[in-house]
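In order of appearance the chains are A, B, C and D, and numbering begins at 1 in each one.
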Amino acid sequence: MTFDTWISEPSNWAFSVVGLATLLAGFRVVTAKNVVHAALFLVGAMGGVAALFLLLSAEFVAWALVLVYVGAVIILLLFGIMITRAPTGIDETLSGDKRALPGVLAVALFALITWASVEAFGDATLATIGDPTSTDTLGEMLVTRFVIPFEVVGFVLLGALVGGITIARRDLTPLEEEQRGGLA
Amino acid sequence: MIADLLSNFWVALVAKLLLVALAIPLIGMVVGFGEMKLSAKMQARVGPYFAGGRWGWAQLLADGIKFFQKEDLIPRDADKPVFKFAPVVVMMGTVALFVVIPWGPGLIFRDLSVGIFYALAISSLTTVGVLMAGWSSANKYSLIGGLRAAGQMIAYELPLVFSALAVVIMAGTMSMQGIVEAQIEAGYPFVILQIVGFVIFVIASLAELSRIPFDLPIAESELVMGYLTEYSGFRFLFFFLAEFANMFSMSAIAVTLFLGGWYLPGIPADALEYLGPVILVVKSLILVFAMIWFRWAFPRVRQDQLQSLAWKWLIPISLANVILTGVFKVVL
Amino acid sequence: MTIVQFLILGAALFSIGVYGLLTRRNLVLVLLSVELMLAAVNLNMVAFESLLATTQALGQVFTVFIITIAAAEVGIGLAIVILIFRNRRSANADDMTLMRW
Amino acid sequence: MVASSLLLAADAHFGTEGGFFHDTAGVMIALPFVAFLAILAFGKRLPNQGGEIAVGALAINCIWAVAMFVQNMVSPVVTEYVFEIGRIGSGLSFELGWVIDGLAVMMYLLVNVVGVLVFTYAMGYMHGDRRVPWFFAAFSLFAGAMLVLVSAPNLIQLILGWEGVGVASYFLIGFYWEDLANVKAGNKAFMVNKLADVGLLLGAAILGVVMGTFSFSELEHLAAEGSAALGGVAVTAGLLLFFGAMGKSAQFPLHIWLPDAMAGPTPVSALMHAATMVTGGIYLMARTFPLFEHLATDARVVMVTIGTITLFAIGLLALVADDIKKVLAYSTVSQLGYMMTAVAAGGYTAGVFHLFTHAFFKALLFLGAGSVIHAVHSNNMSDMGGLKEHMPTTYRTFVIGSLALAGIFPLAGFWSKDEILATLGHEGWTAVMWIAIGGAFITAFYMARCIALTFHGTYKGHGHPHESPSIMTGPLVALAVPSVLFGLLNIPGVSIPGIGSFTEWLAVRGVPMGDHHAESIDFFLAGVGLAAGVLGLLFGWLLYGKDKETQQARDSFEIPLLYPLFRRKYFLDDLADGITHATMGPVARFVNWTHTYIIDGIVNAVGGLMVLLGRFVYNGLDQRGVDGIVNGLSAITDGAGGVVRKWQTGRVQQYAAAFVGGAIVLAAVFMFVI
């Protein structure tokens, strides 16, 4: 497939724009010199990924990504960042000074995966773009074929919930415990 | 003629953009004006009186113009890009919410198959904006306000989702139009069986909107103006409008989920084409009125009360409601 | 659209995440990088599903699982970061060398 | 469902249809567990911190125990109630349930009656202590596990109860876990028991796999029929089971945990290490008696030898202990040796009868000791003395217990010990019999010493001791009665009309136990045994009756003059303790113990030689040889670690980088090379 035919497809324009934006946002996530900016760029990157999901007509997952990431994860991270006293302005110590090796590793990884993908799939085109996958199908899969993983994930979440509370909880001083009256 | 024009993608796009650009300030102003007058009434005051002649109807418009001509102040230590972008993000969340509100049969910007899910997902964007605003102002009141907003939002997101989930179970679809149609088909608005869910939804949306009694993020008496402290001029106006527009859109979603949306029994189907939006707006405004009413009826809660209400009461109750609804659905 | 364009985008996003994981000193930012990597994996999952066109939405099911696990991971990770910060007044990965010889 | 195995009991001369109490004995077994949960749930809120629940549960249990015991006297029944839990293949099934026969019913009575008395006592003893609810919860758990053990119709349930008892004892020994020594004692008890459990598990596995059944009644029948298949594995399996019993019943050399296990609260010692828990091993031997009687006869020599060493050598240690509970602990080990020797020598009735009587008077002694400790707040006899005036009830009951233990006519111990001696004589173990008589002498000796040091002379502790409250003295008096009377239940040749005798009760088993029952009292043996006891008491009284200021004064003045071996032994005991508790391996420990006893038992000179041998083993083999190897290995490891640890920078991201790099290389290899 030549580039001309590729770019003549409107969905590929959208892909190019959104993909580039996502990459840019992702790159800024790992290079931004302000923690909050990095987190906000992650919002952008996640939004980009969600848009790509929409392109792939995976509507439910796209909005699930937005709901979970924008609605919860990022808020939580920003919360954490602000609790750990994020200053406004530039902080040069956010990244380590040894960046050569990670850079080489990242490029090598990218080259490897790209090479493998091209080798394996060539220009195989995606089959179904159009009707969004119905949420019914997804839900039915979750409670039939994948019901065990589904339950396991539920337990993992519960464990994470309890574990998170336990870890982050500040131990009360004896005085405070007394004030709470025994069980606390 | 117009239909032909609208069938063109670009024309339709421009028309829709224009519509949104007009509708949101308009709705914001209606709600804002309502808040002014109603608050005045409830406190036995007069409220705006002169602007525009009768009832001071142009007061908010005048306010808006005043905001536009004010100097746009940005604190020296503020994180400028984030500071500037925050109102936009808030406004984005507000606008995006209007996409899935069904105004009438077939009258909807985009009837997503995951409509309500989309609405819940996108409404959290507002909180990111608030958090951005709070942090970037480089002001401790703002930061505390932003953090409070985030904590509040995380706590009340779950009851909101759960109570909507119960409706989704009842309707068997997440499409907003589908939910309205399910209520028409059932012959009763879901509020009858989902009264618990409705109450929780309203409480949780009050918290999401930071309205009294859950207005801790701005709490004038504690935090000056919370995350809005450092904003002025048209940026402040953005927040202001977004708040009022959000009040309306959350009410509209609540109406769609629980009160039958644009439908009213006894009105012929073809009349609904035109009366649908009116019915929806009237129903929503009733809810908006209730929200304004609450503002003068309840005192502000404390932070710990706010959190324990969500985690110890609303979430368990709404979970139980979901389970009950599921059982109900399966049994019938 | 071809599958390869999504795979390459995913690879790029994943590599960026790896780069961040290895260079960032602030623990919260390390967590962010991990999220980026997970998102890249999700993208691949959904793209493969489109390629295979299964009627069972397999890729999306896995994406849902990954999102869930990621949420759990962030919760725990953030709790640990806050705990570390509270105890050591620092959220830098370089300072966490207690487990060293 | 209940599968009452009628067939198994058909050839016995007893009924097979249980009454109400037999049908519902499962309630009795379950009740302590219910109490355990109830105490954990509500114990804190009750006025007695859960003690009332524990006592109540066991008091209700006593109804069953006594009813079944009486029924066993009047119209004996042998039956079992089993519920199948699971099955391997078609043959090997796992069942839970309960056994009704003479032995089991006797144990139910013992556990519940002694238990309820000790529990009642504990309500007084533990009053105001730390974690009282947990104490009673664990105590109930222990009683329940013991009931599971003794009610077991098969080896699997026995192991269940066995381990339950072990766990509960671990909880209770380490009850005061704030003190490291107590924790260590708990660990030691657990470890030693676990070591022994290996034997029990292997033995059970061999029997189960070879014979296709775990059921005691089936194994019993097979043994009585002289099954060839069972005969092939009998000695191995029997010895393995015996090894398990050695651990639980504290037989030499696995007795080491028991003296240390006195770290728990005294009621625990009374119930666990005197009356019930340690009897588990004896019970196992009695339960599987037909196996040893008919098939594993070769194993009995080993068992008798170990029992004899235990009864004599460990008894000697009680002579020099200062801790009153240690004296009683060593005495317990020694008495367990008697029981084991008796059962191993073929005296099923004799051994179990001694178990029965010993449970009462040893519980009495421990509770008495607890009462004293409660009063003077010290375990050491050097802090006591002259308590006779202050604690009259404790004194009287303690003396009764001591006399019973010393085998003075007509108290319980006299009859049971005499029975053992008679059995040993009849079965041809003459030498062992004489050692046992020597043991009786020692028993009397140290009990006399114990009484003299504790209750006579002048008080050397602090404060003013007072008699314990009646909730504690009550059980003492209640235990004194059986200590005096229960020996009369089994006078050789005498069967009380309408009641029968202990021998008859105990003979209620699925197959007849072929042990010998004397038709009349052997007056010569009884006389010798009694004389040994009286002489021991006299000797002890002469040595210790006179008051001395401190224990040290007695040992440095009185003992060396009259009996220099003791002082020597005392020194070696410390040495043994010190070295044993250090890093010495089992070999060194064996050598050490060996020479401790040879010196004590035979000659000073041989002892000296043994010291040299021990030192050689310690310095030559262990320190230079074994330790050399160990040190060499550790030096190598250390050196390697010094090099490798440089890689461990503690920086997670360096590890991650290495990981990513490795993954890339691996992936590349897979893609390009393979």
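In the analysis below, contacts are C-beta pairs under 8 Å (C-beta built on N, C-alpha and C of every residue); 3 or more make two chains touch, one makes a residue touch a chain.
Keep in mind that what you see is a predicted model, and the values were worked out from it rather than measured.
Here A-B and A-D are compared, and the pair linked by more C-beta contacts is A-B. Per-chain Cα centroids separate chain B from chain C by 32 Å. Rounded to whole angstrom, the centroid-to-centroid distance between chain A and chain B, based on C-alpha atoms, equals 27 Å. For the pair chain A and chain D, the distance between mean C-alpha positions equals 63 Å. In terms of their C-alpha centroids, the spacing between chain B and chain D amounts to 75 Å.
None of the residues of chain B touches two or more other chains. The set of chain D residues touching two or more other chains comprises 653, 657, 660.
Within chain A, contacts with two or more other chains are made by residues 60, 64, 72, 76, 79, 83, 96, 101-102, 105, 109. Taken pairwise by the contact criterion, the protein chains fit none of the simple patterns, being neither a path, a ring, a star nor fully connected.
Taken together, the chains touch in the following pairs: A-B, A-C, A-D, C-D. The touching residues of chain A, when paired with chain D in their complex, are 96, 101-102, 105, 108-109, 112, 115-116, 119.
Interface residues of chain B facing chain A in the complex, by the touch rule stated above, are 77-79, 81-82, 112-114, 117-118, 120-122, 124-125, 127-128, 131-132, 135-136, 138, 143, 146-147, 150-151, 153-154, 157, 174.
Those residues of chain A that touch chain C in the shared complex are 1, 6, 9, 11-12, 15, 19, 22-23, 26-27, 29-30, 35, 38-39, 42, 45-46, 49, 52-53, 55-58, 60-61, 64-65, 68-69, 72-73, 76-77, 79-81, 83-84, 93-96, 98-99, 101-103, 105-107, 109-110, 113-114, 117-118, 121-129, 133, 137-138, 141-142, 145-146, 149-150, 153, 156-157, 159-161, 163-165, 167-168, 170. Within the complex, the chain C residues that touch chain D are 18, 21-23, 30, 93-94, 96-101. Every residue of chain D that touches chain A in the complex is listed here, in rising order: 653, 657, 660-661, 664, 667-668, 671.
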